[in-house]
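Shared between the two complexes below is subunit A, which has subunit B as its partner in the first and subunit C in the second.
Coming up: the complex of A and B.
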């Protein structure tokens, strides 16, 4: 399973809540991450390709990925085993680190 | 009319003299080339760092303007441009920093962590959200983080 954020969702993901626009973190989490995570497993992880987007706001990443732990109560250890973040651009490596940071922070707030 | 034998001896003497100078001349040329390359490289590095520091100042100004005011529907268009500028500046800063660090072998043990903290500070919280309130505390943290990055970069200019 693979989600290419730029192709499947938007190349300009924007904002945190649906009030902020159709391509916000909450909508991405509810319409793309959660349904795909139900079918993901260690042997068949959900691959999320982040290249192609024109940058991300931390608010989008926190709502989308941190929200999985904070609001949808998914075990962060399980998330780590069934999600794989893919990026080819080295400049996007910081977003990968941010995604895992938000998942860990959400877990520590639980 | 000079004696051909003494003329030949003169030519040989000149040749021996020039030959004795060749190693010294080569050393001077090589030394000059290396020194020149070193100083040009240092000057290029200083220019790159200055350019990066200017981009950091611009980012700081954008963040000051953005985080010092609440979200306002009447300024929505202007705010969207500012948000795009901040995200673009952060990406550009990251790319430029990586280039300088790799090209000029600047030790970067702390900078990647600072960059991640910076992106988190500049675009975290209620960034791009209609619920956003002015957050001067966040801006102060951004300034401190940018200051740390600038100091680190400038310390390699000398």
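Coming up: the complex of A and C.
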């Protein structure tokens, strides 16, 4: 399973809530991450391709990925085993770190 | 005297006092009263045939230097008067650009936002006569989109482009749910075309998208009218210094007015009015500080710093209400240096300005 954020969702994802915009973190989490995570497993992880997007504000990333732990109560250890973030651009490596950081922070606040 | 008569006398005295205060304030704000027939910069010509009251109005002459660094107090005071005019607190009839000799990218965006709002408030009926504007100012404002905004043709006597080019300003609305990301992308494309350099698009997008998110969440009260819930952004490129300047502005309540005093000493200082606006913006830059009080929020302002961290010698300036925070990337050490100050006059909203040289990008690996 693979989600290419730029192609499947938007190349300009931004904002946290639907009030911010149609390409916000909450909509991405509910419409793309959660349905695909139901079928993901260690042997068949969900691959999320982040290249191609213009960028990712922290509100988007926190709501989309931190929200999986904070709101959907998914175990962060399980997420680490069933999500694989893919990027080719070295400049986008910072987003991979941020995604895991927000997941960990959400877990620590539980 | 009966009690009823006494109350009426009291009310009349109160009304007279109130009228005197209003008149006094108007005189203080107005540079001078102006007969409509002599207006020549930007006129609302729709009112030309109207009665005595609309034949007279306020005339504001903008100063030679419009720049938040060099002439902050005078610049924001003039813009505040333009805002009051567009909100009908003053009978603003004319805005004179003739004396402007220098306008910085940030001041140009402030001016564009005020003129844009004024124009909207009178259903796009502003007219302009630009024959006496300085040639370079006319060129810069043309590039910025003033002429399109005012529905006037491209002037035939535009000066040659010198070192600085302004890019067309972009207006966004809080409730436009699809456009914001695309608008941020279009500004980046304009900058790359003007500078001929590829810029770190993801860092610029992160900063702009978080600025837009902040406006949606914090800047305006939810009951504000649609036309009062807007934001503007623009860019400029100085070919001599190879310097890109990007500005983002909203007319909201400002960071100092929305950030809660969350720590004991801050509450204490706030109560004694010694926690100034510059310090409040500095506090807001700390990760995790948000007016919502929720731990997952308040990360956005950190995004403003990313493009500064990644360009040697770059500068971030945040003007919000009376406060100003300046973050500089030290040319030699790449360390970030913070400065804050508080002004006398408020900027009425929040303005964020990034300036960096694309060729001084720091390798992220």
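In the analysis below, the second predicted complex is superposed on the first by the 110 of 110 C-alpha atoms of A that agree within 3 Å, B and C clash if a C-alpha of one lies under 4 Å from a C-alpha of the other, contacts with A are read in each partner's own complex, and residues count from 1 in each chain.
Just so it is clear, contacts are C-beta pairs under 8 Å (C-beta built on N, C-alpha and C of every residue); 3 or more make two chains touch, one makes a residue touch a chain.
Here the structure is a predicted model, which means the values were calculated and not measured.
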Clash or fit, subunit B versus subunit C on superposed subunit A: clash
Which of subunit B and subunit C A:10 touches, first, second, both or neither: second
Contacts of A:58 with subunit B and subunit C, given as first, second, both or neither: both
Residue contacts on subunit A - larger count, subunit B or subunit C: C
Partner chain(s) touched by A:20 [first = subunit B, second = subunit C, both, neither]: both
Partner chain(s) touched by A:97 [first = subunit B, second = subunit C, both, neither]: first
Segment of subunit C intruding into subunit B (one of 60-68, 132-140 or 276-284): 276-284
Common ground on subunit A, meaning residues reached by subunit C in one complex and by subunit B in the other: 14-16, 19-20, 54-60, 62, 90-91, 94-95
Residue numbers on subunit A that touch subunit C, as the complex places them: 10-16, 18-23, 53-60, 62-63, 66, 70, 90-95, 105-106, 109
Residue ranges of subunit C in contact with subunit A within the complex: 177-178, 180-182, 184-185, 188, 200-206, 209-210, 212-213, 216-217, 295-296, 299-300, 302-303, 364-365
Touching residues on subunit B, where the partner in the complex is subunit A: 83, 87-88, 90-91, 94-95, 98, 112, 115-116, 119-120, 122-131
Contact set on subunit A toward subunit B in their complex: 14-17, 19-20, 24, 54-60, 62, 90-91, 94-95, 97-98, 101
